[in-house]
Every structure is written in C-alpha cells, then in structure tokens.
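One chain, chain A, appears in both complexes that follow, with chain B as partner in the first and chain C in the second.
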Partner chain A sequence: MLKRLTGVACGLLLSLLTSIAAAEVVVVVSADNALDSLSRAQLSDLYLGRSVSLPNGESLTPIDQSDRSPAHEQFYQEYLGRSPAQIKSHWSRLIFTGRGQPPRSVSDSQAVADVVSDDRTAIGYIDSNQVPVDNTLRVLDIE
Partner chain B sequence: MDPSVLFAIVTLVVLAILWSVTFNLIARERAAADRAAAALTVDVANTYEAQVVRALREIDQTLKLVRYDLRRQSPEESLQDLADRGLLPPALLFTVVVADDNGDTLAANQDITAEERISPDTRRRALQSASMVVGKPQQHPDGDETLYFARRFERENNRHGLVMLMVDASYFVSGYDPSALGEQGVLGIVGTDGVFRARRSGDTVSVGEQIDYDSWVMDDLEGEAEVQLNRWDNTRRYTIAREMYQYPLAIVVGLSEREQMAGAVEARRVYLWRSAGASVLLIAILGLLGWLSWRLQKERSRVLEERIEHARRVEYLAFHDSLTELPNRAFFSRLLTQEMLQARRYHRSFALLFLDLDRFKTINDSLGHEAGDDLLKEIAARLNRSVRDSDIVARLGGDEFVVLLPEIRVSSEVAPVAEKILSAAARPFTLVGQEFRVTVSIGVTLFPKDGDDEQTLMKNADVAMYHAKEQGKNNFQFYSDELNTNSLERLSLESSLRNALEHDQFRLYYQAKRDMATGQVTGMEALLRWEHPELGIIFPMQFIPLAEENGLIIPIGRWVFRTACQQNVAWQKEGFPALSMAINLSARQFIDEHLLDDITLALEETGMDPRLLEVEITESMVMHDMQQTIKILESLKQMGVRVAIDDFGTGYSSLSHLKQFPVDTIKIDGSFIHDLVRSTENQGLTKAIIAVGRSLGLRVVAEGVETVGQYDCLRGYACDEFQGFYGNEPLPAEQFAQMVRQQEK
Partner chain C sequence: MVITKWMASRGTRCAAFAMLTTAIAAALLASTPVAAASSRLNLDGFGTLGIVHSDEDQADFVSSLLAPEGVGHSGDWSAKVDTKLGLQLSADLAPRTSGVLQFVMEQQHDGTYNPAVEWANISFDITRNLQLRVGRMVLPTYMTSEYRKVGYATPSSRPPPEVYHLVPVTNTDGLSLSYRARFGQATNTLQVLYGSKDANVPEDQIEVTVDAENGITLANTLEWGATTLFASYTNIRLTVDAFDGLFEGYRAFGPPGEAIADRYHIDDERFEVMSIGTRYDPGDWFVMAEWARNRSRTLVGDNRGWYITGGYRLGALTPYLTLADREVFSETSHPGIDAPQAQPLNALLNEALNDAARQGRVAAGIRWDFARSVALKVQFDHIDLGADSEGVLANDQPGFERGGTMTLFSTTLDFVF
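Entry: the complex of A and B
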C-alpha cells in the first residue's frame, strides 16, 4: 500500500518536473549581438510594435512564432502578461487602422533559432527544451 | 403702489427672466451637443470608411496577387513563395487559401479544418462573379465569426478555382474607439444583402443580423447623421449608414444619443438646480425685503396712528375736564357761542343752568381731595343721566357745572329738568365708606331774554345761582334784573369782609339759655353779627360761607373767642351768676390745627374760667373724621371746656355714636321743635333724643322754642334747657346784661 502511494507520488512529481521543463521559453539573440539583457518593458514594446531604442543605438527586429506553436502562448503569457487573444486583438486593431504590422512569424522554435543565429539584429524566443541553445545564440536576461 | 405687490411683481419678473435664460441655455446646450454628436458621427464615419476601404483593398490586392502568381506555379509553391517574400498578410490574422471549384483546399498558408472551409453559398457566388465576393459570416468551431473574401481564378481544363482570404469578422470593427464611440456606439459593416458582416458596440462583437438595406442605407457621401432607433438593439443613435462604391458593403457608424447627450443632460440638470436654488434664494431675499418693508410700513402707520391718537387726546384734554370727562370751560364757551348763533338765526331761545354744589368746600376740606373728586365725578354722571343727550353738560371748574338746554320756548319748560337735577343730586352718596347728602343750587338764565352774549348770560346765571343759595340752597332760581342788584351787594360784601375785622365791624349778640323748670337764665350762646356801614346788620349765614371760602373764618373765629371770653370775665367780675358762654365753631374752624391753641390762648389772655366755656359743633362736623373729632373733644375736656352738639337730629349719625364722644350737651335742632305740637313724629323723635341724652348723662337743650305750646310740650318731656324767642331773642351785650340784672333783682 505504502509502496503504491510512493509510486503515485513519484509519478506526479515526475510529470510536474517534465511540464516545467516543457515550458522553458527563453529570449535569444544572435551570439554576435553584444546585447545581454533587456527590460521587460523593452521586450513588451518590441513585440507590440512600438519602436525601441537600445543603449548601443542598434535596433532589433522581433521574430514571432506562429500562434499555433505552444511557445507562442507561453512567451506572451510569461513575458508580456497577455493572452494570445489579446495579442491578436492588438494587432488586429493596429493593422486595421494602418498603424503597424506584426513581427515576422515563423512556424516554431527551431525556425526562430535559425533566423536569429543568422541575423545579428534579430531577437526571438525559443523553447530551450526543444531547441538547445548553442553557441550561435545568446539567452537574454529579462529584468 | 403697495410694496408687497411691488415686491411680488419684481419677484415674478426676475423669476421669469431667470427661467427663460435657463431654458434658453439648456436648449443651446442641447443644440450644441446635438451638432457636436452629429459632426462627430460624420468624422468617425469618414475615418471608418477610409479604414474599411483600405482593408478591403489590401485583401483584394492579396487575392489578385495570389491569382496572378498561380499562373506561374502551383498553389503550394505560390503561397510558400509569397509568404517567404512577406507578400502575404500576417498569418496571425489572415488565412489565405487556394481551393478548387468544389471548395477542396489546394493550398493554404495555415492548415484549416473542414469546418473552416468556405460555405457552399459563398463558394457558388464567388465562382459566378468576376469580382471579389464577401461571404456571410461563418462560425468557427472555436466560436469566432469569420468572413471569407473570394475571387475565382482560371484553372486548366476550363475549370475555376478560388483564391480566398479568411479573417475574423472582429477585424473590421477592431478600430472601435471607446473614447469617440462610447460604450453604446456602433461600428459595423453590412452587406448589400442586408446582413451584418460585423458589428461592434463597446466590447461586444456580433454578426448576422438582417436589416432592410434599401430603405436604410444611403449612398450619399455627404449624408448627415440622424438620430434613429437602431432596431437590432433598440438603441437611439446618431447613425450613418453609407454604401461603399467599389464593394458590395456599407459601413454603419452610430453614436448613442444618450451618451452623446449625457453632457447636455447633466448641464441641464445643473442649470435647473442652479435656477431652482437661485429662485428659492431670490424668493427668500425678496420675501424678506417685502416682509421688512411691510413691517416698516406697518410701523410707520402705527406711529402715525399713535400721533393722531395723541393729537386727538391732546385736543380732547384741551376741551374736556380730565376728572369728569365733561366739556371744560373753553369747550363750553365754544358750544355756547355756536348755540347762540343757531338760536339767533332760527329765532329760538335756550336755557342755561348754572349749578354749584352746596357745602362742597366743607366736604373737600374735611374728607380730602380724593373724596371731593369722587363726588364731582358722581355728580357729573348724575347730571348726564338727568338730561337728554342733546343737552350739554359742562364743568367750569371747582364745583361749578353748567347745563345748556337747547330749544326752550318758555321758562316753565326748564323747571322739570331743574327739579330732576335737584333730586338726582340730593340722593345719598357713599364716600370713604360713609353716606352723605349733597345738594345743589341752580341759577337759570334764558337766551336771549336774560342776556344775548356769553358773558352776560353766564354772569346772570351765576347771580341767579347765588340767589338760590340765599334761598336756603337745594333749589333753583330764575334770573331777574332785581337779583343783579343783590349780586352787586354780594360782590362788595366779599371785598368789605376783608376789612371788617380791621374796622371793628363785628359784634357779638347773646341769646339766653334758660332752665326749663325754673325759667332762669343759665347761660348764653354768642352769635356773630356784622354791622356793615352801608348794608346794616348782616347775619352769619350770609358771610360765613364766604369767610370759609377765603379763610377769613380763622381770624374771625379768634376774635369771637376773645371777645366772648372777655365779656364773660367782665360779667363775672360784675357779680353775675356763673353763666356759661356757648360759642359756635364752623366746620373749617373745627378742623383747623390751631383750634386748641387759639382757645387756650383766649382763655389765658382773658382769664376766663374754662368750665364756663362751651363750644358748639354740628353733628355733621363730628361725623367727618370720628378719630380726629374724639381727639379734639378729649383735649377740650382736659382743658375743662364743655362741648355741645348743635342741630342735633339733622345729621345722619346713629345715636349710638353719641356715647363715643365726650360731649356734655346736645341741642335739639329747631326744625324738630318747629312742628312739635302738630307732628307726632317729631314729638316721638324729640322724646327719644331727650331720653337718650338723659341716659347718657348729657344736658339736653331745645333750640328755636317760639311758642308756649312748644315750651309746655318740652317741659312735659323733661328737657333740661331751652333757647328761642320765647325765652329771649339775641341781644347786644349791654341789653343782655340789663336783662340778667333785672332777673337777678
């Protein structure tokens, strides 16, 4: 009996750990980029289409993932505090009123990693569990 | 104008202005809000239309771009290629699909499920149309309403395919700006088929309602916004529904009337409240002012009334006697003059009655002025009650009254009135708790017979009145010319009385008092006579009232005492028996504070034996102030002086009072004796008086005994002494002495 309970508990703990591991979304830039941190507000501005000026005077081009990718929801929820529906509504209004276009969207984390590693000015987010952060990428500290 | 009316009118006018301005402002505010809302609606509509047109154009451009690209490569390659080049709209919102004529997907930039596929109806229309078709809203499994935009394209084998773009219906209303449209505004697009493709109010997006497109949508670009009832949600809005030229759609823009007018409604509320407040304040202020002015006016009129009342009072007082409320001398003079004018004009005559109270001075002096005033008031009231209302009663001053009887034809008409006055005045009075009788003497003159001017008429009435007094008072006398002569005598009497003492014109006569049993002289009563150089002997009743009036009674009284005492002493020295000397005191003398001193002085100066001196006072004199009387009488007693009550029986005092007074003698009044023989009533009274006197140990003296019958009668009653012509008339000192000497022989 005790053995069975222990088994169930171990199983629950394991599944919790894996789910946490599955939600490991990080913000990355090219390893060539000197930038190592961004504020949450700056990140938010970048992904909501507002212009952001960085201390070194360089600009960043945000890369998004398709809203069908799990990382999409996790990223917006975790870093911007907004639901995908809110994000959709936001861009819907901006596009309709002609005030802006959403970031370029790619299918998944791997595609993001590919784009970012090739482009010094690109910034993106990836699920670090799916795509390992290699030496072509640098994970940004989001303060 | 009455101030209250004035204030009311001012209030109403100001209120009318205030409220007309208020309603005008409200109307203006509303009109401004209305114009602003309409203008805003047009602005929003213009902006929205431009946005919708651009959005549709972008969609159409995409469809055309894909259709063009499909000519050179397969759908899959084409969409991938265009996506890579960034030529497709963002996949986040827009799904681009290429399908065959059955609707089966040939390629898509995002996977779509079977439920998401274009509806057969839209597909059919798109295949038949050469231009872009806008599908009716389709609901997705996740609940989102989506719209299909489709264009057909040529495929091989003369078959058609469709290039389609799918987007959330909410995209077309995502420009909804609450700051302009509020929570109840509306933004939407509607197909020419009357079906809403998208509609948003606040945060609520809906699709699909059917409206009557033709009657509702204008194709006028400059259309004004009108307030309409939007039937789909029963809200009144400034609404613009405008058809777009290139596309089978119309835009709908509406601003909620309630929201747009909220400011105006609030302003209206504020204006109304302010005006109401201002009205209340105004009414309060003007009401207060009105009230104050009303008070002021009232106060003024009150002060005015008081002044008028005061003036009336002053006039009344000027013409009326304050004590009796009767017209005074001045007013009466006026009335008399008027009456004379009237009488002369209409050849009438009238009577003037001049009244004087008998003995008033005595009452005033002995009882005090207050009692005298009460008496005058009562007399005035009685006079008024005794005459007709048309007759005039006035008080000339002091105890003098006049009565004017208008329209008297003959003198006999006056008599009943005069009689009535006499009897009214003679009824008893109660003063300071005691009963009194007062009588009046009346002199009557007739106008114009006895005088045709005021002065003569009044003077002659006065003369007649004095005549009445001389006739024993309590009667009335008509004026006659003979009286006037006597009156002149009276006037000279008054002036010569003042000189009488200096010129030694007074004489004392002595009347013997005899013992009833023996007929012997026991004493005498000293009687004053005035030997006037021209008028001869004048009796006291003619000048004593005058002397009491002018105060000469005091020195005259002293003279009487001294002379009588000297005479008595002289006779005693001559060897006469111990004859008593009786001296009368007048009322005024009796209350004089120096009376006792004067008597003491006279006794000391002459050396007379006080036991031989007897003072006679009347019954009415002792009754005025009993305490004072007893005090005086006791002092006299201590001095050894005897006291007699004169005229006993005429006053109103009870016999029982008698024993309280330390008197020695009572003298029965001559009026009882006069009718003694005939009147059994007088006999009874006389007997009773004698009996009481004896029982109290007093000597009883009968006065005025004139006949043998009276003498016998009194003798029978055992009266002590008597006086009168039967005994002896008053004689000068020398003759009296001879009479005594003869008796003694």
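Entry: the complex of A and C
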C-alpha cells in the first residue's frame, strides 16, 4: 500500500516536473485571423501598450493572463525579455497618466483560448501543453 | 529658505478650475454604476512609505521646495520626505472621451497631509492620433514628470533633486493637444500645453505666493523599442511676491536702486525651462539621464542640473548607481548700493542670490522586488555641497557650514495597487 502511494506520489511529481520543464508558451490568434507571424518588436509594442499597425491595416487587442498564472512570467521573460515586476513598473508609468491601461487580463491559458477563438482581433498567449491548440486557434511565428 | 530656487506650484486654486475639478469629479463618480458593469472605471493607487537619515543637523534635505520640513535639522530621521499616497480614478465617460481624477496625500506647503487634487482632466480623442485634454494635468517638464510621485515606477528612492527641484510644480490648469505618430517601429508624441498655476510656498513665518501665468510647454517623446528620447521647453510669466519689500527699498535709492530692482525683481518676468532626457532599457539593465535648465532675468538666474542613473537586474534585485550635479551660471553676488542705509538690503539681496543650489552627488542603492507590486529600495547618498553653497538643502540654521559634505541613508517601500 505504502509502496503504491509512493509510486503514485512519484508519478505525480514526475508529471509535474515534466509539465513544468515542457511548458511551452505560444502566441495565438483566432483561426479566422489571416495573420501568421509577428516580429518580436511588434509583439513587445502590443503588450507594452504601444499602437501597432499591421500590414493589413487591422489592429490587434492583446489579452493577458493574470500574474498568478505561471504562463504570465514565462511569456514576458521569453518573448519580451522582462520580468513581471518590470512589466508592473512599466504599466505604473502609464496608468498614472490616465493615458493607458494594461491589456485585459484573464485567469489562465484556457480562458485566453476561449477569448481569442471567439474574437478575430484578439491576440493572446497560452501554455500549449495545458491547452491544446485546436482548429479555432492559430499559433503565430514570432520572428 | 530659498524662494529663489524655484518657480511655481500647487495650492490656491483659481475658482474656475475648482469648479471644473468638481465637475470632472462628479462626472467620474456618476459614471460608476455604468462602469461597474462595463469595467470602464479604474481605481488605481500608488504610495511610498519611506524613512531617511541625514548626518547634517543644521539644514534639511527636503523632497520638494514646496515642503516645509525635511530630514536633518528637523530630525536625524524623517518619514516625511518620501512618504505619500496617491489614488486615481479614471473612466471612459463617452465614446472617445475619458476622465482622470488623481488625489495625492503628501507633505503640503503648510505641513499638513490634506489630499490635494493632483490631476482632474477630461480628454477627447479628436482623431485616432490627436487628443485634446482640459483641466488640471501633469506639467510635462521632465521625462518622468508623469510618474515622478510613483516611487514604484522610479528606479531610485526619489527623482534626482538636481534636476527635479528646478521646477517643483507638478501640474498646471489649462489645456493641451497631443499628437501621436508612428514611424516604422517608433512612436512619437508631441504635446503642446497652455496653462497657469498659483502656489503657496513655505517661507518661514510669512506667506509667499507664486503665480505662473500664460505658461506654454512643448514636450516631445520618442519611443523606439528599448529607447526613449525626451525634450521639452516651457515659457511662463512668473511673479513671486516674497521680495516686494526688498525691491521697494532699493527703488527709494533712485536710479541705481531702480536698476537693481528691474534686474532682479520677479514680477511678471519671462521664466524658461528646458530639458532633455533619454532612457535605454533592454531588459537586463537600464540607463537613464536627464539635463535641465531654468533661466530668467530675475533673482532665480540661470541654473542647470543633470543626472545619470544606471542599474543591472539580477533576478529580483536591481543595484543602481546615480551621478548628479547642479550648478548656477548666473552671478551669485552683487555689490548692491554703496550707502550705509542700503547695507541691510544688500545683505538680503546677496543672501537670495547665493541661495542658488550648487552640489554634486553620488548615490548607490538597491531595489528589491520582493513581492508582487511592492518594491523595497535602500539608497545611500553622498552629497558634496558647492563652494559657499547650501546645495539643495533648506531650513539652514545659523550654525550651518556651507560647502561641506553630507550623507543620506534612505529606505523606501513603494507599492502600486
């Protein structure tokens, strides 16, 4: 019995570790959106509240994840090269001008997938190991 | 102390703007129920709990020239220098129209902590890139004017006084137009602002008022990836009533006295402020620098200051270093009038001229982002006061020795919510 419990615990721990190690944050838009890539600079500008005009003349509304979600830290660190604290600092420079509010934030990757798949002007990021990318979403190449 | 160091401020509000402020507040509050449903109303806050130690007990280091009390003479330790709290309500009032109301509680010119209306304005997007703003708004003299009170957004314990004391006033009542343009990957914002401001200054026992009229500010910010470039120019008409008695006294001496009064009196005189700044922040490290100058043909003269701050991020820790300097480029003395009866006037004139700050400063500190939305900063400042100068200090006592060195040790806890 004890051995079995230990086995289960080890298995859980192992799967947890592998899921952390394999967490892969990808940037997604709705499958209805024709966009298939963005430059890193454009992605940064979008998530830092600067206007970005896309070649097709359309605009994108960034969707964020709560800073309690592990994907939040990973996204900002990996794609923008900034820590969550730096992002918070950045927004506190804009919020108190009355000139900008951070992107709308939802709880986790699943919530981002739900919002983005329903809105062709939305862009978000998800942990593709937690939320499989189905045919309602398109993963963008970030160059 | 130091009326000459400075230029304008908050305090007395003219009636029209008091009414406008009230109207904007009412509009924002009235929008609450709608906003709750559509989440268009935002309540944000910022604050700092800070304590500073000074080893100079004959003068005060103050957060602003509008603050009557600082650290040093008023006490070895002080929580009054950096501690403050700000609350901001912003809302979309109608399509393309939004309002902002910000209150700040900090040490006022009269020593109280009564909440003051820092901003109360309504903005209207004329086009996607052109915005009109009316009401009380930030005076964009410096690169970090918009968040100079938000400690969490500032790399060091407080904005460098060598630059930020040149214009201690932070807001103005008026209107502004800003135009935003995108060039490739760069965003440029050009703002033109017209406004006026009255203020009260702590000046020992007497009430001093400062009146800044017909102010025009041009400010331009260019953001390109990790780089920000800023430049601004302000031109106002400044009146300070503190020296009326002095100059009336001089005028009684005939043409030579009148010449002195005309040269130095701050009575509806042109007062200019120019500043440039840059910040580069690729993520792992940052560097920022600003240079600013105020200039007028008055007692205030021609003052210039600069600083450079750089830091390196090691996880949650960011050690940083600041170098700063402040100099005066106008005369700090005048022979006055060669008559025995004029000696008291000459003494007062020379004291006022020599109030111009000269100092160099090196600061080393570390910021620790130890929890979400909270940062702790510890900073050590070594200030080298210029020859025969009290630097940016205030409340100097008879025992104060000009031109020495001093150290400050600051601990601040900054938060946003």
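Rule of thumb we're sticking to: the second predicted complex is superposed on the first by the 122 of 143 C-alpha atoms of A that agree within 3 Å, B and C clash if a C-alpha of one lies under 4 Å from a C-alpha of the other, contacts with A are read in each partner's own complex, and residues count from 1 in each chain.
Note that in this section a residue touches a chain if its C-beta (ideal position, glycine included) is under 8 Å from a C-beta of that chain, and two chains touch if they have at least 3 such contacts.
From a predicted model like this one, the values you see are computed outputs, not experimental measurements.
A.B. asks: Is the arrangement of chain B and chain C around the shared chain A a clash or a fit after superposition?
C.D. replies: Taken together on chain A, chain C would clash with chain B, as the superposition shows.
A.B. asks: After the superposition on A, what does A:Arg82 contact: first (chain B), second (chain C), both or neither?
C.D. replies: In the superposed model, A:Arg82 contacts chain C only, not chain B.
A.B. asks: One more residue to check, A:Asp67. First (chain B), second (chain C), both or neither?
C.D. replies: both
A.B. asks: Answer with first, second, both or neither: which of chain B and chain C does A:Thr97 touch in the superposed model?
C.D. replies: both
A.B. asks: Taking the superposition as given, does A:Asp45 touch the first partner, chain B, the second, chain C, both, or neither?
C.D. replies: Once the two structures are laid over each other on A, A:Asp45 reaches chain C alone.
A.B. asks: Hey, is it chain B or chain C that touches more of chain A?
C.D. replies: Result: the larger residue contact count on chain A belongs to C.
A.B. asks: Would you sort A:Ser105 into first (chain B), second (chain C), both or neither based on which partner it touches?
C.D. replies: After superposing on A, A:Ser105 lies in contact with chain B but is clear of chain C.
A.B. asks: In the superposed model, only one of 110-118, 218-226, 416-424 or 506-514 in chain B has C-alpha atoms clashing with chain C. Which one?
C.D. replies: Clashing stretch: 218-226.
A.B. asks: So chain A touches chain B in one structure and chain C in the other; where do those two contact lists coincide?
C.D. replies: 67, 88-89, 92-93, 95-98, 101
A.B. asks: Which residues of chain A touch chain B once you look at their complex with the stated criterion?
C.D. replies: 64, 66-68, 87-89, 91-93, 95-98, 101-102, 104-105
A.B. asks: Contact residues on chain B for chain A in the complex?
C.D. replies: 51, 54-55, 86, 89-93, 110-111, 168, 170-172, 174-175
A.B. asks: Which chain A residues qualify as touching chain C in the complex?
C.D. replies: Against chain C, chain A makes touches at 41-42, 44-45, 50-51, 53, 67, 80-86, 88-89, 92-93, 95-99, 101.
A.B. asks: Please name which positions on chain C make contact with chain A in the complex.
C.D. replies: Spelled out, the residues of chain C in touch with chain A are 42, 44, 46, 86, 88, 90, 98-100, 102, 119, 121, 123, 138, 144, 146-147, 149-150, 152-153, 180, 182, 185, 187, 223, 225, 282-284, 313, 315-316, 369, 372-373, 375, 416.
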